[in-house]
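Letters A, B, C and D name the chains as they come in the text, with residue numbers starting at 1 for each one.
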Amino acid sequence: MAEIKKILIANRGEIAVRVINTCRSKGIKTVSIYKPEEKDYPHALLADESICLGEGTLGETYLNHDLLIEIAKKLRADAIHPGYGFLSENAAFSSRVRKEGIIFIGPSEDSMKLMGDKISSKVKMEEINAPLIPGYHGDNQDPAFLATKAKEIGYPVLVKASAGGGGKGMRIVRSEKEFNDSLAAAKREAMNAFGDDKVLVEKFIVNPRHIEVQVFSDQHGNHLHLLERECSIQRRYQKIVEESPSPALTPEIRKEITETAAKIASGIDYEGAGTVEFILDEDGKFYFLEMNTRLQVEHPVTEMITGLDLVDLQIQVAEGKPLPIKQEDVVARGHAIEVRLYAEDPDNEFLPSTGKIERVGAPSMPGTRLDTGFEDGNEVTINFDPMLAKLIVHSSDRHQAIEKMKAVLPDVPFYGVRTNRDYLMRILKHPKFIEGETFTHFVDTWKDELGPNEISPEEMAKAILVYLKAGQSTLGGANSGPNKNPGPWERLSSLRNV
Amino acid sequence: MKKKLMIENQEIEFFILKDQDGEVMIEVDGQKFDFKVLKSNPEHFIFSYGGRNHFSNISPSRRSGVIVDGKTYKIGPIERGGAASKGSDGEAMSSPMPGKILKLLVEVGAKVSKGDGLLIMEAMKMEHTIKASNDGVLEKFHYQEGELVDGGVELVELKGMEEA
Amino acid sequence: MAEIKKILIANRGEIAVRVINTCRSKGIKTVSIYKPEEKDYPHALLADESICLGEGTLGETYLNHDLLIEIAKKLRADAIHPGYGFLSENAAFSSRVRKEGIIFIGPSEDSMKLMGDKISSKVKMEEINAPLIPGYHGDNQDPAFLATKAKEIGYPVLVKASAGGGGKGMRIVRSEKEFNDSLAAAKREAMNAFGDDKVLVEKFIVNPRHIEVQVFSDQHGNHLHLLERECSIQRRYQKIVEESPSPALTPEIRKEITETAAKIASGIDYEGAGTVEFILDEDGKFYFLEMNTRLQVEHPVTEMITGLDLVDLQIQVAEGKPLPIKQEDVVARGHAIEVRLYAEDPDNEFLPSTGKIERVGAPSMPGTRLDTGFEDGNEVTINFDPMLAKLIVHSSDRHQAIEKMKAVLPDVPFYGVRTNRDYLMRILKHPKFIEGETFTHFVDTWKDELGPNEISPEEMAKAILVYLKAGQSTLGGANSGPNKNPGPWERLSSLRNV
Amino acid sequence: MKKKLMIENQEIEFFILKDQDGEVMIEVDGQKFDFKVLKSNPEHFIFSYGGRNHFSNISPSRRSGVIVDGKTYKIGPIERGGAASKGSDGEAMSSPMPGKILKLLVEVGAKVSKGDGLLIMEAMKMEHTIKASNDGVLEKFHYQEGELVDGGVELVELKGMEEA
């Protein structure tokens, strides 16, 4: 067991700040890195020591293995935390770090390689009996054979070009009698688009939900799950609303899906924090999608409902300590929701926006958390991820969590850049979201209803009032003028006329 | 007096029918709305409408909109496009926030150069010098010394000089 | 079961704000009340409706039964939440409210009366076998008889004037042979001070800790405990640091003390939120002190480690719903600490201070919470309680919670009034506090060490730097000047010389 | 140049040995301390000392102290007690925060009345007029136009008029 005393955070933005915060509580020193244009960003300032990486491409700076290792060695960091993205799932980097005698806070090189590859991961999943989407991915392209396979899989099925992408050479087939025509059409399109008419046949999930399970493993063979997160609300294939517990899981499905995830972690002899992603269909059947071998963006949702600090657990596991909790200690308490605030224009294809942040703000209610890598005065540029912040709320139940999120979203205006805040608010107010009818096509299905609303005269009058009057710090002397503070009886008697 | 503001790219006409002791009545689209301002500070602005308290806030620069009842509105003065109302460097000669006109610094009719101080106003307990956004002739001060002005209101009329 | 749709909050300051926040999440409308000088305070503004009580004494305003009921009726509030203090333990008010057909969010009139009286509560505790401090409170004042009693109780004992107060007529007796002299001295003092030499004899607790247990009961006979809080750190008989779990409790003592509290709640047929206070001695024995029949100031500590919202539970119970949790769902997760920020001068007898708050601030780390009734620009006057705020942190363990509290205390300066913030910091840094050696005499015992430290030249230089340079929003152009942003290699090579 | 400030009721002498590009060296009690300013905004002030980042903040009015490394210090100019440095209404004629002297408004030797503007300084992108705290004769400006000044520094010498 090696005690970690100083950590180099090989990342930036909100995740670097988040790792620093846990280190501050643990009394672990931190080293952060930044590019010259980021010298005023929180991650460049909140660490005990910070190193400017100099100008250059990402490859020359944040992704520069040699440089990061040199910094870690010079500043005597005994561990590197890779955050998410960047080098967090880079097997070569993790291996290099370890060879240099530095602790890499993450899973083994082998786990990363195994789960980072679509083919090898699925072979392994079959081996350990994890559920995969039923399908035929083989070479036999005989229409009659494929039709038999389709029947075995069960309609509806998806016929998809093996070489495909972007929806070309893809057909949803809803019944046996449509199969031959759809197959022919898909093959024609595939040949035209990719010069290869090979197709695969897979079960088509009608109303899919994205359910993922947080897993945690130590070096002593303990493999736990920390319950699920539902992340079905996505735009442009990126999650924007995440929650736990999932409104779709019955206790039985929850037990099954979380145990499957823990079994996968155990089956690949995993170490540290990981996330197993599944697709859940309308019948409560779920299928393995992929495993992310790192901390996930939306991990605060799990922290809120379990009361655990996942970075603290990562550090303890990396130090060789056994996990300080048992499976039966992991209990969901209340409901947590996270929304991702992006610098983007939801009413114009979600195109990223830029600007100088005039005011970040802060959520005003207890049981809330704002994870951000920005502060007032920072520039939002196109050089980095347009995610401005994650706003997370915890409350007694899903209904109260939604209401709390609606109450605190206006507290974080991020004035100065166009954001998706109003768009998120429209999602939170959508009846289907409130009912928990959250599928991965939610944003497309309700596109029109999620667009900007008409502004009523009442709303205009309010906006005018605020524009003309806000910013005055005082409103004349206290209690001056007539009727400034009517006594309660006057106030009550005037109410009688209402 | 009819006034105009841009709200989300729409030109909106309105009337202030009352503005006294924190009580404000605004008419938009033939409908009248009665407000009572309860609190105003840099972080938030709280007013009462229909017997209920409403929460809002405004961007520090006043240029990035307002949030009222959880909804964001882009709002600001009508863009005239003319040199008089907006300088080439984008500095409008309007009140940055509500306050009081302290001192007029030049005479009406005076030639001024870009950057010259035209008047001083006091707001949020600070003094702000409103400067000429371009070279020109000062045609008119819309407010006199001691007058209270709202935020975002044009303060002077400056006639630009062609090819000065 | 009556659904509550609108609540009148018969209180002010942080507790009014705290109740409003839960109501916002639950979609319950709120009515708050305020005096004219409080019109700019958060509690006067955050409710859906707020009523000015007019000028007057507390009795004419916040404690005015008629007025509060009139307001509730006129604004059609179907419930009144009394907060803590004020009318929260006033049996007559609760009874009056209920007679008017309004729900009083709190226990029955009978519970309040029973537990509000020192004598009747102790009689009831004896009846249900709750542990009381061993002692003799009877009329027999024969010295030999009292000496026998003292021996039965076990030394050390406390001999105390029955009519007493303020330490007069009080003696700690450590052994049998001192008893007669001490008794005579105590009786002399008692006669001089109170004109009555009657004394009582009680067990003297050498190193007492204040341990209290949160209990919760519904109208359906469910009586739960929500674990303990330790509140030993007190000044002038007021708690200033509270935490959960208590560092002093073994699992066995925890089980015993929490079950005893739940038994008490059950024994008095309690309803709603209550707190049973105990004294714990060095041997792990605990004795009933009193029960508070209301929400406690320090309830957020319990909310942090249990993940529950106590006001939400109060409302559900008041609506007649069964408690939504079972005893086995109540699990402590991590560690929570609360400190109370007061407007006072700890270096001058904790005398209250006043002033205008220039900046409240906000804690900058996740897992923190600031409950305050003030915002920037508010006046702190001597008219109300000098408590400025409660700062609460949650972390994986006690050590991390202490470090986190130390990290976020500077985030809430409350500039403009003298506060006990630095004093709290000195407590958090005290080795005995860190070791969990927290007794009710902590603040007196370590008085000298908790005083202000000498300021070193290094500290002076830092203070001078900040005073002279802070407040500039920019430091010249970005990257201007020599060596503004040395590349990493330069920085690293310069480190070689360190 | 030797300078003085009050820290927690002690009069502290110090020297600024360097103040350039955010690098500041301060000597106190014969010991020299090297600082590098990393960030300064209204909410916090971050500097590097001994290779480590340190966090601090200052009260908005600059009169209620500073918090450095979690500890609070009362700090401010030496109270001279004389009418010249502090007006009867408590308004000091010192720089409210670090900034630049923009314009001197009166001549040295001029008689001024309480409330007269003496000079304008720019700080936090705002202009601040420093006014006479009482009637008197302007003896000296400690800084000239264009000079940078620290916060809390005396800017003028004003000789009060006895029984004016």
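Assume a residue touches a chain if its C-beta (ideal position, glycine included) is under 8 Å from a C-beta of that chain, and two chains touch if they have at least 3 such contacts.
On a predicted model such as this, the values are computed, not experimentally measured, just so you know.
Peer 1: List every chain that touches both chain A and chain D.
Peer 2: Under the touch definition, chain A and chain D have B, C as mutual neighbours.
Peer 1: Taking each chain's centre as the mean of its CA atoms, which one is farthest from the centre of chain D?
Peer 2: Farthest from chain D by mean C-alpha position: A.
Peer 1: Look at the interfaces B-C and A-B and say which one is made up of more C-beta pairs in contact.
Peer 2: Answer to which pair has more contacts is A-B.
Peer 1: Could you give the separation in Å between the centres of chain B and chain D, each centre being the mean of its C-alpha atoms?
Peer 2: One centre to the other, that is 33 Å.
Peer 1: CA centre of chain B versus CA centre of chain C: separation in Å?
Peer 2: The mean C-alpha positions of chain B and chain C differ by 48 Å.
Peer 1: Determine the centre-to-centre distance between chain A and chain C, using the mean Cα coordinates as centres, and give it in whole Å.
Peer 2: Roughly 38 Å, centre to centre.
Peer 1: Once you find the CA centre of chain A and the CA centre of chain B, what distance in Å lies between them?
Peer 2: 41
Peer 1: Residues of chain B that touch two or more other chains: which are they?
Peer 2: If we look for residues of chain B contacting two or more partner chains, we find 39, 41, 43, 51.
Peer 1: Which chain C residues sit where two or more other chains touch them?
Peer 2: In chain C, residues 39, 377, 473 touch at least two other chains, as defined above.
Peer 1: What graph shape do the protein chains here make by touch: line, ring, star, complete or other?
Peer 2: Graph shape here is complete: every pair of chains touches.
Peer 1: Mind listing the chain A positions that touch chain C in their complex?
Peer 2: Contact set of chain A toward chain C: 18, 21, 24-27, 33, 36-37, 39, 51-55, 67, 70-71, 74-75, 300, 303, 305-309, 312, 324, 329, 331, 333-334, 362, 365-367, 369, 371, 377, 394-396, 399-401, 403-404, 407, 473, 478-479, 485-489, 491-492, 495-496.
Peer 1: Would you tell me which residues of chain D are touching chain C in their complex?
Peer 2: Within the complex, chain D contacts chain C at residues 5, 7-8, 10, 12, 14, 16, 21-22, 24, 26-31, 33, 35, 37, 39-43, 45, 47, 49, 51, 54-62, 64-73, 75-76, 97-99, 123-125, 150-152.
Peer 1: Quick check: in the complex, which residue numbers of chain C touch chain D?
Peer 2: Residue positions touching the partner: 358-359, 361, 406, 409-410, 413, 415-416, 421-422, 425, 452, 455, 457-476, 481-484, 498.
Peer 1: Please give the residue numbers of chain A that touch chain D in the complex, ascending.
Peer 2: Answer in residue numbers: 39-40, 45-50, 375-377.
Peer 1: Could you please specify the touching residues of chain D with respect to chain A in the complex?
Peer 2: 38-39, 41, 43, 46, 51-53
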